[in-house]
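Dropping the structures in below, format is structure tokens.
Okay, so chain A shows up in both of these, paired with chain B first and chain C after.
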Partner chain A sequence: MDLQAILQLVINGVLGGAVYSLAALGLALIFGVSGVLNLAHGEFLMLGGFFAFLGYDRLGINPFVLVFIVPPVFFVLGYAFERVMIRPLALRKEHVRLASATLVTLGAALIFEDVAAFASLGTEFDKSIGYFIGSLTVGTLVLPSLKLIMFGLVVLLMAQLAWFLKYTYVGLAVQAVTQSRRGAQLSGVNVAAINGIAFGLGTFLAAAAGALEVIHSSVNPLVGLPLTLKYLCIIVMGGLGSFAGVTLGGMIIGLSESIVGYFTPAWGQTVAYLLLVGILLIRPKGLLGR
Partner chain B sequence: MRRHPPTLRALLLPGAVVLGVLALPWLPADSRIYYMQELTMGFLYAGLAQSYDLVGGLLGYINLGHIVFFGLGAYTTGILFNLGVPLIGGLAASILVAGAFAALISIPFFRLRGAYFSLATFALVKLMEHVTDNLRDLTGGSSGLKILAGNRVLPMYYVTLALLAAAMATSWAVGRSRLGLGMKSIREDEGVARDFGVPTTRIKAQALVISTVLPAALGGLFTWYINFINPGEVFGLKLALQPVAMAMLGGSGLVIGPLIGTAFLYGLEELIWTRFEFLQGAMLGLVVVLVGLFMPGGIARLKGVERALERLGLKEDDS
Partner chain C sequence: MKHSSMPQPRDGDFVRASGHAPGRCGPAARTGLRAAAVLLAIAGLVCVPAAAGRAWAQGTPGDIRIGATLSQSGVYVPIVGPFGKLADAWAESVNARGGIFLKHYGKSLPVRFITYDDKSDPTTALNLYERLASVDKVDLFLGPFSSGMNNAAMQAAEPHRIPYFIPEGNDAALYSSPNPWRASLFALADAEYTRLGLLYGKLPGLKTFAILARDNLHEVGAADGFAAMLGKLGYRVVYREIVPKETKDFASIVLKIKQANPDAVAVESLAPPWTIQFFKQARELGLAPKEVIAAHMPVPVIRALGGGAENIVSLLWSYEGNTPDHQEFKALCSAAGIEPWEYSEAGVRYVTYKWIEETLKRAGTLDHEAVPKAMWEADFTLFGDEHFKVNGKGYGSEVPYPTEIRNGRAVSLWPLDVGLSAHVFKDGKW
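Now for the complex of A and B:
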């Protein structure tokens, strides 16, 4: 195995992991603030990918520009989703609320999946933007510039998120509610509004990941639930409530899929779940969980 | 609350339903085979929902990986059946395998609380799908596992019905037992329960192991009945979520709840699939959303339904 192959595997793994982390951060944000397992999260990624595809295919907009246009639309969608579907459940008893939220988000996932499948009847099933830019050559190494640009975008989005959480009032309120709902409420944080904003932000991140996903691979109506499951793995592995942990979890999954998949393709997808169970055995609260 | 014995007239309708279900295979109509097959799958779903609810409803841990035990049973029985082991042996082995697996995972998984537990068990479903997919020599991988075919509609009908009845009896008995009391105390507040000396770790493990007996047996029977299984089917995400949704729809924590939920969702599904050409999944999703939004306790806890259940003497103490 030469250097070039190793480099390719690492680049693919890091990029895959970065996109995973981005969407998983959204899910972790939603879970942290509202305590809701949002089973429809992967569907928002799928829809984000669809919108980006349509923007490129019908309107001819540059796919990298779409990564910045599509997510804000989904912020509004996510906010509305919380307002209509999740907020009415807020006053129920803890385990009843968990059950109701599971039903509501599961039902929503089924609706999104089926409507997307219905809307794409008669067109191609897998939506993908066949975008191509020439590779960079550094010395003897060939670097895929498309993937480097995408990686840069993910890092940019994450840096924005980190800045937002650390230096704005709303971001600090999001963190406060994640740490202690009651404590935040007592200090005058409008918890209901923060819930809505967290859903909006989480959905924003899922849509951004979806818009990136259609550039380097593809999105179809059925990817939602399996992806949600993978993000759930990532945030549990990294430790719920720890954003660094989520990023680490995403990277571990991305790299392990890429590297194990190279040697034994069949086990590439399995390793994520094996790792999850293994890590939980040693650290029940995840790698960086408290 | 004082219980009134049901009046004879009130028992007429449910009695007729039970008799009709028992007599169905002997009716002279040609369409009976179709209805038997439909009902067999209905019994199977109801049994899964019922056994899920031992952990989900009484213990308060939403186990999204309940289907793992069904899949384990399906594969254990299938593999043994192909080695010449008779069905009964296969089913016994399935129950043992699933029970042992449950005991094994209960230690790490029940260290997780609330949503963490749901997340990890959900991941377990996908893990099992991939593992069965990859253990090609044992399971036939993604091309599936075939067993010698036979016409098993009639025995399957009665066996699944009997298992469903057994599952409901188990839920009822566990709910009234010391174990059930411990499970409910964990559901309401695990920390307080532990401080008062409830052996929470043991109770959680026991509950999980008991809840695996039925899915393991049903899984084995499923292989025997369908003759062909593959990982994407028996460890599928939709199959994993369906019994959970059914139990919650009907009324989690009540003995009658999962049965009502299954009858409702399964019946509705049949109706939608036969009447509409498109968007069946979306309609089903919409109903699930509406139930989640407007019926927090499920159908069995609606006022009108509660009154009807009371007349039948089926209303339960909801605590």
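Now for the complex of A and C:
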């Protein structure tokens, strides 16, 4: 394999990994703040993709504009989901609350999956936006324009999230709850409201990733749970509670899929799980976990 | 008939037990007789409807029930979406002529389809065929789309002794063991590119090929057959890969194909979303071979690729012609709201309907022994000179025709002389 090929694989891997990082950050945020493993996270991504597809297909809206329109709608949906499905469990014992909440998200995931499958009846199962822009070439290297734009949008969204978490009261409260739920509560933080906002933000990021996914690739009603598992791998691999770790984890998965997929496509999809096992054996807290 | 194993009373025992003269029944004997009478009554209640059912079965049925499943959800929707309407159009056309004449009953019977959505899932399909047999009591099975689905669904045929017509399922695995209850008219998957091979055998300008197959029962067999055929024709296959069904990012594969630099790239995939993703990304990453082949290009794939679909060579199970069969096929497609070229497998469906008709006329009955025999013995011609017959292993010899996408529609590259003059290379233009 020559240097050009290696560079091309790295470019493809980093550009692909960025979307993984974005969606995984959403899952990490929800888990970090509320302690709930949101198994419906991939379904929110799928629904975000479906909404973006409908916006493009039925209303003719530019798909990149939809990346900014769809996620705010899902912020509201995520907040409402937490308010209606998760918060009623708040008064239970901690371990019961977490187990029940996780099971509630699993049930919701299966319902979303079936509803989406039913809505797709008789139409194309995989929703994909037939959007094409010519790619840039540097020598023999190809820089796929769609993925470049997606990468730019991911960086923008991540920068906004980082700014929000660092410089706003709500963002700081989110960080405080992540560090210590009890401590934040004693400091006057409305933990219940922050839980809702974290769900909203996490769902916002999932929907943004879904809108990007449907532009470049496709989404179908069954993509949710496998994606949630992959994002879980990413956040555990990167280190729970670490923004940078999750970003790094997403990039590593993107790169490894790109490189392994070159040599043996059959193992390209499995490599995430092998890497997770390998990294946890060496560093149980994850790459950047504290 | 199996007899009861209960000990039968002997005369002496009877006398001793009852204390009465032989020939008279005591209380115990009367109780036994009452029990026997109740048992007889129950047996009668069970046996009379069964006997009546058999009598009904031996009488004249009211219609010919064909049980089928079709993917109305899942990955195969874009490839078989309108085939339910096509089946209805054929049934209406047959019924408008009075039905199919079955000489055993001395009259024609109308055709009725009972169709369910198999969700493009083999297990669901098998469960539905079980239901078609046990609940809907169908007379015949018409299989679903694809080898993988048929491989599962046809397991219902033998236990229920219902003849199973395979419309689209030609992987060798389906015919590896004897099964008198299923058959197909089409050649095995590895022969699928035979007519395209005849075209490439005479078409100058290509030397090297890359072949990509989706990891699935039909696709792998068809791609292997194509590679072997290209080797015999003197072409070199410089890249071959079996790619997982779940693949969504083809960037690494496209890079590898670019490095192999083939003149032609062939994609063997039954799943339209998979095909669309590959071509979208191949185009984005600058893969620009002289020739592009995609065996399965129903109209949703053509639409999704837009201008990028131009000059892609594909396969179609029918070709343009003017025989009465061509006209009937066009009329059925029209009634189903499609054009013959829009769904490459529509031709397969038409041939299978004609085969069912031929089989039933030959059998002259819906008897479950006679119909499979006639299914295997059917021998007929369509489209002027296309001969259809099942061989000793349960499949046939029919293969699809080459076609090319031109201005958003599939244009026939058959007969061969027409194909040679009409074919245009893609030449890297997306």
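Keep in mind that, in the parts below, the second predicted complex is superposed on the first by the 278 of 290 C-alpha atoms of A that agree within 3 Å, B and C clash if a C-alpha of one lies under 4 Å from a C-alpha of the other, contacts with A are read in each partner's own complex, and residues count from 1 in each chain.
Methods note: a contact is a pair of C-beta atoms (placed from the backbone, for glycine too) under 8 Å apart; a residue touches a chain by one contact, two chains touch by 3 or more.
As the structure is a prediction and not an experimental result, all values here were calculated from the model.
**Q** With the two structures overlaid on chain A, would chain B and chain C clash, or do they fit side by side?
**A** They fit: once the shared chain is superposed, the two partners occupy separate space.
**Q** To the nearest 10 degrees, what angle do the lines from the C-alpha centre of chain A to those of chain B and chain C enclose?
**A** After superposition on chain A, the angle is 60 degrees.
**Q** Report for A:S217: first if it touches chain B alone, second if chain C alone, otherwise both or neither.
**A** Touch status of A:S217: second partner only.
**Q** Looking at the overlay, what does A:V142 touch: chain B (first), chain C (second), both, or neither?
**A** second
**Q** Is A:P88 touching anything from chain B or chain C once the two structures are fitted on A? First, second, both or neither.
**A** first
**Q** Tell me which touches more residues of chain A here: chain C or chain B.
**A** B
**Q** Pick one for A:C233: touches chain B only (first), chain C only (second), both, or neither.
**A** first
**Q** Based on the superposed arrangement, let me know which partner A:V115 touches: chain B (first), chain C (second), both, or neither?
**A** In the superposition, A:V115 contacts chain B only.
**Q** Could you say whether A:G152 touches chain B, chain C, both of them, or neither, answering first, second, both or neither?
**A** neither
**Q** Quick check on the superposed pair: does A:P72 touch chain B, chain C, both, or neither? Answer first, second, both or neither.
**A** The answer is neither, since A:P72 touches no partner chain.
**Q** Tell me which partner A:A266 touches in the superposition: chain B (first), chain C (second), both or neither.
**A** In the superposition, A:A266 touches chain B and chain C alike.
**Q** Which partner chains sit in contact with A:G183 here, chain B, chain C, both or neither? Use first/second/both/neither.
**A** neither
**Q** Quick one: smallest Cα-Cα gap between chain B and chain C in the superposed arrangement, Å?
**A** After superposing on chain A, chain B and chain C come no closer than 8 Å at C-alpha.
**Q** Per the definitions at the top, what is the overlap between the chain A residues touching chain B and those touching chain C?
**A** In the superposed arrangement, which is not itself an observed complex, chain A uses residues 117, 226, 266, 269 for both chain B and chain C.
**Q** Which chain C residues qualify as touching chain A in the complex?
**A** Those residues of chain C that touch chain A are 72-75, 77-78, 81, 117, 119-120, 215, 241-244, 246-249, 251-253, 255-256, 259, 272-273, 276-277, 280-281, 283-286, 300, 303-306, 308.
**Q** Along chain A, where are the residues that touch chain C in the complex?
**A** Contact set of chain A toward chain C: 5, 8-9, 12, 16, 117, 120-126, 128, 130, 132, 135, 137, 142, 144-147, 217-218, 220, 226, 257-259, 261-262, 265-266, 268-269.
**Q** In their shared complex, at which residues does chain A touch chain B?
**A** For this pair, the touching residues of chain A are 31, 35, 37, 85, 88-89, 92, 94-96, 98-104, 106-111, 113-115, 117-118, 225-226, 229-230, 232-233, 235-236, 240, 266-267, 269-270, 273-274, 276-277, 280-281, 284-285.
**Q** Taking the touch rule as given, give the residues of chain B at its contact with chain A in the complex, in rising order.
**A** 56, 60, 62, 108-109, 111-112, 114-116, 118-120, 122-127, 130-131, 133-134, 187, 237-238, 241, 244-245, 248-249, 252, 278-282, 284-293, 296-297
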